[in-house]
Structure formats: C-alpha cells, structure tokens
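The same subunit A turns up in both complexes below, where it pairs with subunit B and then with subunit C.
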Partner chain A sequence: MKKRMLTLILTVLLTASAVLIVVIFLFPIYWVVLSSIRPYGSLFTTKFELIPSEVTWEAYTWLIFESKFFLWLRNSLIVSILTVVFTLVLVIPSAYSFSRFKFFGKEKFLYGYLVFTQFAGGMGIAGLIALYAILAYLNLLNSLFVLALIYAAGNVPFNTWLLKTYFDTIPRDFDEAALVDGASYFNLIVDVLLPIAKPGIATVAIFSFMGAWGEFILAQTILSPENYTLPVGLYSFVGQFETKWNYFSAMAILFAVPVVVMYLLAQRYLQMGLAMGGVKK
Partner chain B sequence: MAKVLLKNLTKRFGKVVAVDGVSVEAKDREFLVLLGPSGCGKTTILRCIAGLEIPDEGEVYIGDRLVNDLPPKDRDVAMVFQSYALYPHMTVYDNISFPLRMREIPASEIEERVKKVAELLQIAHLLDRKPKQLSGGEAQRVALGRAIVREPKVFLMDEPLSNLDAKLRIHMRAELKRLQRDLGITTIYVTHDQVEAMTMADKVAVLKDGKLQQVAPPDKLYSSPSNLFVAGFIGSPPMNFIDCSLVLKDEEVFLDAGAFVLKLEGTVAEILREKGATKLVIGIRPEDVSFVNKAHGKILGEVYMKEPLGAETIIDVKVGEYLVKVRERVGFKTKIGDKVWMGFPLDKLHVFDKKTGKAII
Partner chain C sequence: MVEKERTRGAWESRIAFLLIIPSLIIFLFFNLYPIIYSVFLAFTNAEFTNIAGRYSFIGMENFAKLLFHPDTRFYYVLGRTALFVVTSVPLKVLFGLGLAVIFNSRLIKGGKILRSLLILPWTIPAMLSILVWRGLFNLDFGAINQMLQSWGFPRVNWLQDTTNAFIVYNIVEVWLAYPFMMTVILAALQSVPPELYDSARVDGAGTWQRLRYITLPLIFRPLWFATILTSSASFQAFLVPFVLNGGGPARTNEMVMVYGYKEAFQLGNYGYAAAFMVIISLIVTAFMLAGMKAGKMAGEEES
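Now for the complex of A and B:
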C-alpha cells in the first residue's frame, strides 16, 4: 500500500511539473495571440489581463484586406518551395552516392562538407557582404529564384549527412534485388529507394522549408519591397517611432500557421518505419 | 535454360582473398549447391554470377556467353536473397511484377504471368498485402515468385530457407527442390547447412577459405570425401577421426593409434605401403561402427555417454583420448561405464594424410 501511495504521489508530481513546463513554454505564444486580438490602445495599459475584456479582429482584417500580406506570403511560398525542390535535387543523389558508392576521397569530402559550412558560418557578416557584392556584380539581386538557390546551397551539407545516414539504414539487399530484377539506377532510386526513404526525405524537406520560411537577414539584404518575404514584411511593421504590436502579433500568428500545418502533414511520414517488414534480419 | 561455368574465379577484398581460383560448372537444369562454413566465399561466388561483384580474375559464363562485363540486369538471372528483400512499400502483386515492369512487358501479359506464378506458389490470396503483413513462409514464397515470374536462365539462391523455423524449412526444402525440377531451371544455391545441401542438390561444391574442396553428387561426397575438411563437414554426427601412424613390419601393414593397433590387408594395405606417408588420420562414420563380441572386435572402449534419438541412439565410446561416436539402431543394451568391443568393415575405413589432409583411401 505504501509503495502504491508513493508511486501515486510521484506520478502526480511529475505530471504537475510537466504541465508547468508546458505552460511556461506556451505562455509567450498565448501572449502573442492575446496581443493580436486586443484593441491596439489596450496593449499599453499597465493592467495585466490573462483573459481580455475586449476582443477585436481588426488586426487580422487589416492584414488580410489592406496590407501586403498575400504578396509576402506568395513570395515566401515561392522561395520556400523552390528551396525544398533545389535541396532535394541536390541532396538525394549526393546522399545516395555517399551511402552506396566507394570513391576516392569519400570520407574527406564528407567531413569537408561539415568543416566548410562551419567555416562559412564563422565568417558571418563578411560572408554576407561578399555574397551581396557578388550578386550585385552579377546583377542577381532581388531575385527569389537566386535566394532559393543560396538557401538550398546552404542546406546541402547538413541534409546530405542526414539523408546519407537514413540511406545507410536501408539494407543494400533492396538495391541489389532491384538491379538483378532489371532496374536501372534511375529506376532503382525512383521506384525503390525513394519510397522507402520517404521519412528521411520528409525530414529534409521540412528542415529546408523551415529554414527558408524563417530566414530574415539574407532576404532583407538582397530583396526589394515588391519581393519581400514574410519575415522581411513583418520587420517592416517595426517603425521608427511606433510599432503596431497588434498587427505584428497577428502576422506572427499567420506566419507560424503553415509551419504547423507542414509538421502535421509530415508527421505521418516521420513516424513511419517503412523499411521494416520487407527485410528479415 | 543454360549452364553456368566458372573458370578460375578469384575475388579479393583488400588483402583478403574471398574466392581463390574456383572452377566449377552447373550443367543445364542442374541444382548446384555451394556449401561451406560462413566466410568461405560461397555468397561472393553467387554475387559474381549475379553481377553484383566484379571478379578480379577468372571468367563467368552463363550459357555459352562470357558475362564478366555484363551488368546484373542483362545477365538474365534471378536471385532470392536471404533477407527476401521484398520492397516494403509495394504490394505482393507489385513485388512479383516488378521484374516484368522493369522489362516493359505489356500489362495484360504481366497480370497473366503474376497470376500463374501466384497460383503455382499458392499465394494468390496474398496479392494485395504488403510485405510486413506476411509470415516468414509467405514472404519466402513471394520472394520465390518474384524470381520465378521472369523465367530466367538461372536461379541464384542465397540461403533462402535460413530465416524459416525448422519445420517449415524441411517442408520448403522438398517443395523448392520439386519446383526446380518442374521448372527445369539451372539453380545455384548457397547454404552452410549440409543437410540442406545433401537433400536438395544434384551436385555439391564444398568450399573452405575461398578454395574449392570437392565437387560431387551428395552420395559420392558422403561416401568418398576427398579430404579431412569435407569428411568432417558432411554428415551428422560427423565422421570419427583418430590420429595414427603407419607401421610396416616385414610384409605386414599396421595402423598404430596408441589405444589400439589395426592390421590392414589387401588393396588398402597396398595403397598405404605405396604412399608411404607415416602420419595418418583414420576416419569412420558413426553408422559403420558396430558393437561386436571380443573375437571380432577391433577396438576396445568404454561407454561414455548415450544420446537416444528415438529411431537410433548415438553412443559415445571413449577410446584412449578419443570419443568415438557410434550410431546404434538394433537396440544394443549397454550402460555408461561398460567395456565394449567395436568393429567395422575395412572397406568403410577412410584414411587421410595428416599433413595435407588429403584422402588416401
């Protein structure tokens, strides 16, 4: 009986602390939601309201009907989807090669990938200035297409590693069975490996989508207003003398929605252990 | 339908020689088993035939065609993997039809052929399932189906039964053999299980450390092993081996094992005298040894352990430092600790050169 009591108390305590942690994490999000539906004026009162006394959809109607939200959304979607496409086109063949083929300098290339991205990251602002200079020289500034290419290039090293590791878990028997069955390498990859690697590919797609969706500095540097993406558009709300925090909050919410949707859609694949069952070990 | 011929096949992985100058032929319609312990190179040979490995030396012929430089898809072979390697995202139907789709065979013909194969293997009711919904035996049949549907020149099978439980394995052994005979397709089958090899093969190639030890039909392999390795590998319980030395006294020939001395006569004696090797190993199969009375006995020993198996009993008899296994069927009454005399016909005696391991008789 005593032991049971102890277990019960422990369960209650653990659950309570878990709930507390969730509340702490979710509170800022709740506050943003709150800010987006409260009238602009009430944001600056000193009164602390957990449940708003007055609710208005003004910020959302303004965003949808009067701001450039849909232009920015369109731009963001173009950049993010292009980034995903470019990333997959670059990453799938390289991850497959690194996973399956032996070639000269394979290990060095693989680690070089990582080292150089760290190196480039460390260059920071110098890299950004150099990139700006190059794009200006080549007359490629203000292009969503070019922005997506740059994002994709940045995604290659990490995601190649990620997908290579995933391919490594797919038994080679599948490759060999397909080759003996008469498949070309193209058929092998398209008909056999990619469907099996769906969870890995979904992960890469999500990472690259989110990276492009949320990137601000580079987009701000090279894009002009008609090509602004959502983060850059969001920043334009921050005025020199006044910031409309209710608009800002409403847009922050709308900005986050596609990401959540993406996660929900991909969750199925992320959890699927597709490679199980076909091969007996 | 075609023969498969390997000439002096050699494959190295770095410094390791996986396959060392193997030459063997599987005749048209023949069931050839590559048998050996793990790491003996048997799977590598199979993969060289499939085109999944490129040999460093030697030639692989399928039919009369040299296929060394052909990619797997152009060799017209079908392979069944130990893991089955069924594509997990495809249904059974799509798995079986995959090789046909890759060859761009018209859809109507594909359907007809898949159905025919599914009926032959009794898996017609499984066609809509995914591999993970299949039992081991069902998955095995689907893997076979995927190989059969192409009607290839050669079947290559890499331990296809090793993932099945014992009962199903024995069942599939017979079924597979029957299927191969009915289809009349040359088959090369890799296994480490000597019972599988003996029961299924028309011809067995025994391998060790990448080298071919002996190629022979199962009965020949059993009755006349060409060296100590083959003799010890084939048969369960294995052949009894006892070290001994050759003693020539006047005109007579003796084998001295320390615990006993055997007097040899006739051609056996002649051959040993001619060969002249003094360090020898004699081998005798457990079923060739029988318990006899003292007058006919050749070896005296003490019963050490009894293993009753129902139809027969394996009796371990201690002779000097050796344990001699005797397969006993007639119901000879004995108990542990008894002194027993054993005898065997001289023509069942195998004699090997201890240094080279080669069979002399």
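Now for the complex of A and C:
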C-alpha cells in the first residue's frame, strides 16, 4: 500500500516536471507565434505578457500584400526542388552501381566518401572561400541553379552510402528475373527497384529538401538580393536598423511550418529509411 | 566460355563506372576540389581586387603574418573559441544527460508525446532558431528583458556586451544541441537490459551504485562519441555568434569560423583567411582523430 502511494506520488511529480520542461524549452516557439499576432507598438512593453491583450492580423496581411516574402519563397522553392532532383539523379544510379557491380577501386571510393563525410566539416569555411574564388573566376556567382548543384554535390557522399545499403537489402533475384525477361538496366531501376526502395529514396529526398531549405551560409555568400532565399532574406530583414519584429515573426512561422510538417508526416518513412540504410550498416 | 565471362565482366564494370561518373564529377568539382584549392589560396595574395583570377603566389607570407605578426588576432580568436568549447560542451552534455534520464523514466504519463514535442526544435532550421533567440534577448522588445523587468530587475544589454553575449551564445548552443544529445543518450539508456538493474537490486545495490556501476559504463561509448561530435561543433560554431551579433561587440566574440568568414567576405583578405582556415582545419582533424581513437581504446578496455 505504502509502495503504491510512493509510485503514485513519483508519477505525478515526474510527469509534472516533464511537462514543465517541455513548456520551458518550447517557449521560444510560443513567443514567435505570440509576437506575430501582436500590434507592433505593444511589443515594447516593460511587462511580460503570456497572453496578449491585443490581437491583430496586420503582420500577415503585410506579409501577403507588401513584403518580399513571396520572392524569397519562390527562390527557396526553386533551389530546394532543384536540389532534390539533382541529388536523386546523381545518387540513385551511383548507389545502384555500388550495390550491384564489382569494379576496380570500388571499396576505395566508398571509403573515401565515408572519410569525407566525417572530416570535411572541418574544412567548411576554407572550402567556402575557395569555392567563392572558383565561382567568381567562372562567373557563376548569384545563380540559383549553381547553388542547387553545390547542395546536391554535398549530398552525394552520405546519401550514396544510405541508398547503397538500402539497395543491398533488396535481393538480387529481382534484378536477375527482370533482366532475364529482357528489361534494360534503366527499366530495371525505374520499374522494379525504385518502387521497393521508396522509403530510402523518400529519406534522401526529404533530407535534401530540408537541407537546402534551411541553408544560410553559402546562399548568403553567393546570392544577390533579387535571388535571396528565405534564410538570407529573413537575416537581411532582421539586420536592418529597426526590426519590425511582428513582421519577422509572421515570416518566420511560414518559413518553419513546411519543414516541421514535412518532418512530422514523413517521420515513419525517415525512421524506416534510416534504419534499413546507413545506421544499421 | 571463360572468354564470354570476361567480356561480360568488362562490360559490367563499364556500366558501373558510367553510373557513378556523374555524381563523382559533381562531387569532386564542388566539394573536394575547393578544399584542395583552399590550400593553394593560402599561399597567395588573393583579395577583393584580384579574386576573379589575378592573384599570385607569395609563399609563407600569410602564415607568418598569422602566427608572428605583433597585431595578429590568431591567438585571441583561438582562445575565445577554446573558452566556448570549455563552457558549452559540459553544459550540452549535462542537459542531454539530465533530460535523457528524466524522460527515460517509465513513470511519466504520456512520455512518448512529451518526448516528440521536446525534440521538435530539431526540425526548425538552426539559423531561424538563432534569429528568434536574437529577438528574445533584444534590449527593447525581447521576452527575457520583459520578464526581468516584470520581476523587478533592471533590463540587461545582452548582445552588446562581451561577457553577456558570450553567456547568450552558451544558452543558444545548448538549446540547439539538446535534441541531439538527449536522443543519443536516451537510445543508449534504453539499450541497457532491465534485467541488469533487477539483479543488481537483488544484490542490494542502491540507485547511485546502479547509476555508477551499470548505467554509466554501458552508455559510456555513445556518450563519448556524442561529446566528441558536439565539441567539434562548438569549436566550429559559426551561426550562433554570426547570427546573434556578428561575433561582437567590436569583434570581441569572434570564434574561429566567424573570424575566417569575416576576414574573407567582409574584409576581402581571401588568401590570409584561407591560410587561417587551413591551420584551423588541421587542429579540428587532429582533435577528431585523437577523440575517436581514445573512444575506441576506452571501449576495447571495457569489453
């Protein structure tokens, strides 16, 4: 009896503190939502308000009718979608090849990719400086197309591994059967393997999209204002002398919602794709 | 027959290469080549006026200036970065460990939902989260100062003061890292077989002893590697200082990445910045290798 009481008290205490922790850690998100629906003037109080006394949609109507939000959104969508397309077009054939064929230097290439993913991070800004010099020389700065290509290039090592290990789990009998039936390699990949590998490919696509959607440093370095993506646009907006914080908040929410929703919807796919691909390896 | 096999093999490896070549070329050109090229740039006088291709080789001049010039900021920036690693890494590990231990408890009702809510910040692009924190710590409209004032404290100039800004960096770094740290440690905790605890309890081991002799040794390796990764992330912190206040005020909080970036892209000293980043890359790589080796050795000792 006494032990049951103790368990009950512990349950209540632990659950309460867990809820409190979640509330505290998620406060910044709540605050942004709050800031987006408050009138600009009311942001400058000296008293903290957990529930706003005044509510307005002004920031959202400004966003729709007067802001540069849709220009930045268009640029972000172009870059993110191109990145996904480039990544898939590059990674699927090479992952298939690594999974199915034996050829000279195969292990060396794969090992090289692995080493690169683990250590290239340290070369981040050095690589960026050199990349800038190369692009300046080739006159390729300020191009959304080139930006997406660079993002896709960065996706190659990790995602080739991920998809290669995923392809490894699909029995070779499928290939043999299709090839005996007279299918070409192209048909084999498109009609037989891709449908089976859907979770793995979805994982690659979603990671590529989310990466390009949120990337800031490279975009900030090579793009000019008319080509700004959302992260660069939002940064330039906050960098101005007087920041309309309610406007910023509204844009921030519309920027974050797609990736958060995408992540939540795809969570099952991502876990399946990761579990069968890279991580299990 | 053998001949046929051989031609088939040759044909196969030609197909194999054809499928790999496009991704390999793009990867080599945009990823590997810039890294190699940056080493070359480090020995040139590349700057704003000549960056599109008319810079020339100047030997070790950039490195000499970096390491031995009386006005060099190399050691200051490196020291500031080391200080950030020393302060932020223990905080990240402690928060990750604490949260993981709490949320590992089976007594929490609705633990699964609470857990997935708690790691939600992970899905938000980091640079956006940092911009939001910049607002939270704003002098005039930031929620932190409003809370302080509501409770009767004076407001604080968070981002335009060297020490305060450094504290803010740590807070934001912890907030960005806890979902990763907590998830890794939680996974490690959940892989500890519960029977071990039961038998230890039968043998009369208390909570502390169970933590000390069962939990910690068993989660040590994942915890160690998460610590190495997050240390490397702290050392290479770019977005946190850059987006919060540009490594300011007056360049006092520039970490290595911010310093390299600003020297190159705001001041136009591309060759000098490349030399700086090459040295930093060597430090990071040496650190990662040493950390991984130590982790492997510690792991082998135990098993």
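Quick note on the criterion: the second predicted complex is superposed on the first by the 227 of 281 C-alpha atoms of A that agree within 3 Å, B and C clash if a C-alpha of one lies under 4 Å from a C-alpha of the other, contacts with A are read in each partner's own complex, and residues count from 1 in each chain.
One rule holds in what follows: a residue touches a chain if its C-beta (ideal position, glycine included) is under 8 Å from a C-beta of that chain, and two chains touch if they have at least 3 such contacts.
Bear in mind that the values here come from a model prediction, so they are computed numbers and not experimental data.
**Q** Answer with first, second, both or neither: which of subunit B and subunit C does A:179 touch in the superposed model?
**A** first
**Q** Just checking: does A:102 make contact with subunit B only, subunit C only, both, or neither of them? Give me first, second, both or neither.
**A** second
**Q** Touching A:171 in the superposition: subunit B (first), subunit C (second), both, neither?
**A** A:171 sits against subunit B, while subunit C stays out of touch.
**Q** Would you check which partner chain A:192 touches, where first means subunit B only, second means subunit C only, and both and neither mean what they say?
**A** The answer is first: A:192 touches subunit B but not subunit C.
**Q** One more residue to check, A:235. First (subunit B), second (subunit C), both or neither?
**A** In the superposed model, A:235 contacts subunit C only, not subunit B.
**Q** Is subunit A touched at more residues by subunit B or by subunit C?
**A** Partner touching more subunit A residues in the overlay: C.
**Q** Which residues of subunit A touch subunit B in the complex?
**A** Those in contact with subunit B are residues 171, 173-174, 176-184, 187, 191-192, 195-196, 198, 274-281.
**Q** Can you list the residues on subunit B that touch subunit A in the complex?
**A** 50-52, 71-73, 77-79, 81, 83-89, 98-99, 102-103, 130-133, 136, 139, 146, 150, 156, 163
**Q** Within their complex, state which residues of subunit C touch subunit A.
**A** Where subunit C meets subunit A, its residues are 9, 12-13, 15-17, 19-20, 22-24, 26-27, 29-35, 37-41, 46, 51-53, 99, 102-103, 105, 107-111, 114, 117-118, 120-121, 123-129, 131-136, 138, 140-141, 143, 146-147, 149-150, 155, 175, 178, 232, 236, 238-239, 243, 257, 260-261, 264-265, 270, 273-274, 277-278, 280-281, 284-285, 288.
**Q** Provide the residue numbers of subunit A that touch subunit C in the complex, in ascending order.
**A** That would be residues 7, 10-11, 14-15, 17-19, 21-22, 25-29, 31-32, 35, 43-49, 86, 89-91, 93-94, 96-98, 100-104, 106, 109, 116, 118-134, 136-137, 139, 149-150, 152-154, 156-157, 160, 185, 210, 213-214, 216-217, 221, 231, 234-235, 238, 243, 245, 248-249, 252, 255-256, 259-260, 263-264 of subunit A.
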